[in-house]
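Structures given as structure tokens follow.
The following pair of complexes shares a single chain, chain A, combined with chain B in the former and chain C in the latter.
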Partner chain A sequence: MQHPRARDRRAPDVFRKGGWVPMREYPCDEEVDFVIVGTGAGGATLACRLAEQGFKVVALDAGAWWRPLEEFASDEAHQQKLYWTDERICDGENPLKMGGNNSGKAVGGSTVHFAMVSLRFRPEWFKCRSLLGYGADWPIDWREMWHYYDEVEQALSIAGPINYPWGPPRKRYPYRSHELNAAALVLARGAEAMGTAWSATPLATVSAPQGKSPPCVYRGFCVAGCATNAKQSALVTWIPRALKAGAEIRDLAMAGRIETNDVGRAVGVEYFRDGAWRFQRARNVVVAGYAIETPRLLLLSANHRFPDGLANSSGLVGKNLMVQSNQAVWGVMDEEIRGYKGPPSLSINEHWNYEDKGKDFFGGYAYMSQGPLPAGWASTQNGRGLWGAELSREMQKYNHQAGLKIVGETLPQERNRVTLADEKDQYGLPIARITYAFCDNDKKLIAHSLHFMEQALEAAGGKEIWRQEDDTCHLNGTARMGDDPRTSVVNADCRSWDIPNLWICDGSVFPTVGGVNPSLTIQAIACRTADRIHAIAQRGEL
Partner chain B sequence: MKQRVRSDTTMLLALGGMALATTVLGARKPARPPRQALRRQAGREIPMHIAAASRFNHSSSLLALSVLADSAVEHYRGSFKNPAMFIPLVSASLSFFAGLHGGHDRRAASHPVRHGIYAFAAVAGIVGTGFHIYNVTKRTGGWSWNNLFYAAPLGAPTALLLSGGLGAIGERLRDQPAEDPHLLGMPAGSALALAVSAGLLGTVGEVGLLHFRGAFQHPAMYAPVIIPPVAAALMAQTALTRPRPRPRTRWWLRLTAGLGLLGMGFHARGIARCQGGWRNWSQNIPSGPPLPAPPSFTALALAGLAALRLRQTEK
Partner chain C sequence: MNNDATTTRYPGYDVLNKRNTPSWDPITRQVVEDRLSTPREPRFFDPAQWAAATALCNCVVAQPGDRLAVPVAAMLDARLLEDQGDGWRDARLPPLREAWCTGLAALDAEAQAEHQRVFAQLAPDRQTALVEQMQCGRLRAAAWRGMPSDLFFSERVLHDLYGAYYSHPASWSEIGFGGPANPRGYVRLNKNRRDPWEAIEATAENAATVKGENTRVR
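Right, the complex of A and B next:
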């Protein structure tokens, strides 16, 4: 898509083919209350909540504004249009593979193609340095987060089990968990054989009608974009709410620079849209571009007053990048599995997130059942070195394939970082250089998980078991929150220590990642930030 | 493919038939004073208990139609993997026709074929419940919420048992004397009212479970777990206390009967809210809210009205 759709006081209606909804528009020279860069889990949530409080909000997204009902094809290759595949340089001992598993470029961000797994952090992780001896403490108490998790689960109509086996009690999930497919039952059998609990995964796709969203039809294309709107992505939840509350959202708007004035306050954002660079004035700027684009924008905005980039007096902008390890074991089952029927991760085992005995590493991991799509599966097999007749033989086992895959915690390390490269992208901006290496602790965690899952899969009846060791998912860190301006970029309210009207609200602020998918926590933090901004504004300290 | 077409047609025919039958039966005016109702029959007096038995045949018939359509849809969805999955279709069809036949039969004696059909339905309902329990427990997780929600529904075969039960009670009632008929050691009106009360409660249990699965996402989903239990309580009161005119109970049963029909409308709307709506009927009828299920309440409420009428003539 070349030309922005959200213009002339209307925006695409994601619930109707060819439909439009009214949208408020602000002139660029009007100083709005907030300009938000990014409309994913962090930005869209915050835009919605701030607009509902009555603030004038403009949100920018570099990606397109799709109508899923008519523009999401059952074609994995075509749907790559949802991923952020702009050029980047990835290096380090374990160079990251950027794209589907960790970034999105669309209004709604990567929630448009996320796997909908909506998990809460283990409470101790918010104080993991003090209580568990690794990483860094969060400046937020878990009980407060529990409240915001409730709010997000309600807003997304999360379909989850009646009783979740791990962690402190939580409110009942608003919708019931989905029917388990055969792949999910393989995990269940394995977990029972290993003497651990298992559960239906809490998912952000509805199991009964919700507003204009129909119940999930188990099409299985979730990670290539949901074509029915059952998936409760930011695109179909927070963004329609934000529009209703008077926010303006500009699609295909790539932010290139945040301007600051002589007294060191942010004054607005320079962005590229419809063939020209433009400038939106704002009283506050929020960066919500996720763990690569957020530090990149802060670094790109360096000026004479902030020569190392904005909000970077600690020197930590771009540092402590944390992925999550995403290794798997796969096996062939006697029975037909067809894991692509339904959401890909219908069942989960969080045992090793909550059990600390018997580990030779810090941190935890969850593992989930899998439902790879065919082209993705072929590519996984290519990764094993299979080609030609061998690949063809292996692909014939596709319908009998079952797998268990972790979302594993990695530790924050300053050497894992985002910097600016000399090369420029299509907007003429220096591209991000992403440097990544697992540490010994990360490797021990991975080894533990593979060993455990291998036993579980075998106990569930898996044969020809093999390990997939090269995958990672999600991106966090690079602008961590904390209590001390010397060791963090933002405070608990996501407000930068250096520039009081510059905020960061996405996975970048995570001091640690835990062993669960981050989207629910990002949205919970955005809700908390909105409430904190409201309280600060009430005191006249915004 | 052929099988799919055949099953589709079965499903459509069953649904169409059910809609027609519910309209016809639902349009009956159950509130007519008993004596007046008797004189309608070409000047011949029909004993009260035979009139009640006929109405039970009709209610059984409506329930059977509901079971027929529901099991046709659900077992088609389950690809008739086990040949036993055809049994409820056969049994419910027979019960349906037996009910129609019995509804017009004014003879004061049970009909052995009808009685046999009803016994078969009752047994099929019990055996079906056993199959469904096995289906739940054999799954990983056993007696888990997920299995109760998505495995074979435990309460569904009970509707067939109820259909057979209502019919069989009607048949046994015909063998009783016109004066002071008794069933199960109690006045027939009481026995009928208790049977209806139990049937309503069982159906509420099933609806409660499935509407909980649907997260009560629409406020109307609370209606079938609020209105029929009151009807069940009123029926129990009717059975266990001295007979007297009960206009409120009658109205409440009418409300319950209406709820069944209205429920079908809501379920039709639920299907429309699925992806593709009614245009995608071949997928959304099996996977959406079960269209034929709510009229079970109508059938039971109509049986309740018949029981109430009989009970009011008792001493």
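Right, the complex of A and C next:
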């Protein structure tokens, strides 16, 4: 898509083919209360909550504003239009693979193509340095987070079990859990054989009608974008709410620079839209571009007053990048599995997130059942070095294969970081260089998980079992929150220590990642930030 | 043409038979139709590159001999024409187009050095041997311009060729993938359960009838 759609006081209606909804518009020279860069799990949630409090909000997204019902094909290749496919350079001992698995470029951000897995952190992780001896403490109490998790789970009508087997008691999930597919039942059999609990995965796709969202039809193309709007992405939840509350959202708007004034306050954002660079004035700037684009924008905004980039007096902007390890074991089952049906990860085992005995490493991992689509599955097989007739033979087993895949915690390391490369993108902006290496602890966690899952899959009847040792998912860190300006970039309210009207609201602020998918926590933090901004504004301290 | 790929377990099944059923919505029909009409002639590659790319695709991607081959090289050419990247690259590799132009020229140079012919003119077993050396990173002629041949093989050759091949409906039929399913979706999720619009797997019991039944799956 070349030209923005959100203009002339209207925006695409994601619930109607060719439809439009009214949208408030602000002139660029009006100083709005907040300009937010990014409309994913962090930015869209915050835009919605701030607009509902009555703030004047403009949110920018580099990606397009799609109407899922008519523009999301059931096709892996075509739907790459949802991914951040602008170039990034990856190096280090374990160069990352970016794109579909971790980076979105669309209004709604990565939530448009995420696998909908909506998990809470283990409470102790918010104080993992003090309680568990690794990483860094969060400046937020878990009980407060529990309250915000409740809020997000309600807002997204999460479909989950009546009783979740791990962690402190929580309310039952708003919607009933989805039927388990054969791949999910393989996980269940294995978990029971290993003497651990298992559960239906809490998912952000509705199991019964909700507003204009119909129940999930199990078409299985979730990570290529949901064409029915069953998926409760930011695109169909927070963003319509934000528009109703008076926010303006500008699609195809690439932020290139945050300007600051002589007293060191942010004054607005320079962004490229519809063929020209423009400037939106604002009293507050929020960066919500996720763990690569957020530090990139802060570094790109360096000026004479802040020569190392904005919010960077600690020197930590771009550092402590944390992926999650995403290794798997795969096997062939006697029965037909046909894992392409339904959401890809319908069941989960969080045992090793909550059990601390029997580990030779810090941190934890969850593992989930899998349902790869053909191109994704071929790519996994390529990772074993298979091609030619050997690959064709493996691909013939597609409908019989089942897998268990972790979302594993990695430790924060300053050497894992985002910096600016010399090479420039289509906007003339230096692209991100992403440097990554697993540490010994990460490797021990991976080894533990592969050993455990191998036994579980074998117990479930898996044959020809093999290990996929090379994958990662999710991106966090690079602008961590904390109690001390010397060792963190923002405080518990996601407010920059250096520039009081600059905020960061996405996975970048995570001091640690835990062993669960981050989207629910990002949205919970965004809700908390909105409440904190409200309280701060009430005191006249915004 | 490589004929040694294993026979399909889903004889008679053609996912395209569902094109006009409630399993395919208009955008999916359009997207797949556009892909099927990818021009067969190169628009990005020059003749020498095209010869090398075609030979490489035939060598790497095994296809069954009893149907029209998926035009993998043409699909690669179309992607390079659009310069459609993945969103990242290993720092040891140049950008997409440059990697392919360098890699194909290097394969020709390696073939010339060893056999005094370009890659496309080698016998299939010699092509395979060269590709295996590339996979192991043993090809290091100056024509690679410092690009590690094993990395080119894993991150470009396998990634791009199989990405193209498994975006083609013929490959979906071959592995018994149900394919697009909007708005109809799927209903029977448990093991050994199949919706009437999914392929039947050939077994010893159904060998006589499976092909006929699969031609009616839609």
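In the analysis below, the second predicted complex is superposed on the first by the 542 of 542 C-alpha atoms of A that agree within 3 Å, B and C clash if a C-alpha of one lies under 4 Å from a C-alpha of the other, contacts with A are read in each partner's own complex, and residues count from 1 in each chain.
Just so it is clear, a residue touches a chain if its C-beta (ideal position, glycine included) is under 8 Å from a C-beta of that chain, and two chains touch if they have at least 3 such contacts.
All figures in this text were calculated on a predicted structure; none of them were measured in a lab.
Student: Using the overlay on chain A, decide if chain B and chain C clash or can fit next to each other.
Tutor: Once both complexes are aligned on chain A, chain B and chain C fit side by side.
Student: Could you say whether A:R189 touches chain B, chain C, both of them, or neither, answering first, second, both or neither?
Tutor: So A:R189 only meets chain B here.
Student: Now for A:T228: first (chain B), second (chain C), both, or neither, which partner does it touch?
Tutor: In the superposed model, A:T228 contacts both chain B and chain C.
Student: Have a look at where A:L180 lands relative to chain B and chain C in the superposition and call it first, second, both or neither.
Tutor: both
Student: Tell me which partner A:F72 touches in the superposition: chain B (first), chain C (second), both or neither.
Tutor: A:F72 contacts chain C only, not chain B.
Student: I'd like to know which partner A:S103 touches here: chain B for first, chain C for second, both or neither.
Tutor: second
Student: Could you look at A:V217 and tell me whether it touches chain B, chain C, both or neither (first, second, both, neither)?
Tutor: both
Student: Taking C-alpha centres, what angle do chain B and chain C open up at chain A, rounded to the nearest 10 degrees?
Tutor: After superposition on chain A, the angle is 90 degrees.
Student: More residues of chain A are touched by which partner: chain B or chain C?
Tutor: C
Student: Would you check which partner chain A:P95 touches, where first means chain B only, second means chain C only, and both and neither mean what they say?
Tutor: Touch status of A:P95: second partner only.
Student: Pick one for A:A375: touches chain B only (first), chain C only (second), both, or neither.
Tutor: Only chain C; A:A375 stays clear of chain B.
Student: Just the number, please: smallest Cα separation between chain B and chain C in the overlaid arrangement, in Å.
Tutor: 6
Student: Where on chain A do the contacts from chain B and from chain C line up?
Tutor: In the superposed arrangement, which is not itself an observed complex, chain A uses residues 179-180, 185, 217, 228 for both chain B and chain C.
Student: Considering the complex alone, what residue numbers of chain B touch chain A?
Tutor: 139-141, 145-146, 149-150, 212-215, 217-218, 270, 273-275, 283, 287
Student: In the complex formed with chain B, which residues of chain A make contact?
Tutor: On the chain A side, the touching residues are 157, 161-163, 174-177, 179-180, 185, 188-189, 192, 200, 207-210, 214-215, 217, 228, 230.
Student: Along chain A, where are the residues that touch chain C in the complex?
Tutor: 70-78, 80, 83-91, 95-100, 103, 179-182, 185, 216-221, 227-228, 333, 335-338, 340-342, 373-375, 377-379, 382-383, 385, 387-389, 391-393, 395-396, 398-399, 433-434
Student: Under the stated contact criterion, what part of chain C meets chain A in this complex?
Tutor: 2, 4-6, 8-9, 24-28, 30-32, 35, 59-62, 84-92, 95, 128, 135, 154, 158-159, 162-163, 165-167, 171-172, 174-194, 198, 201
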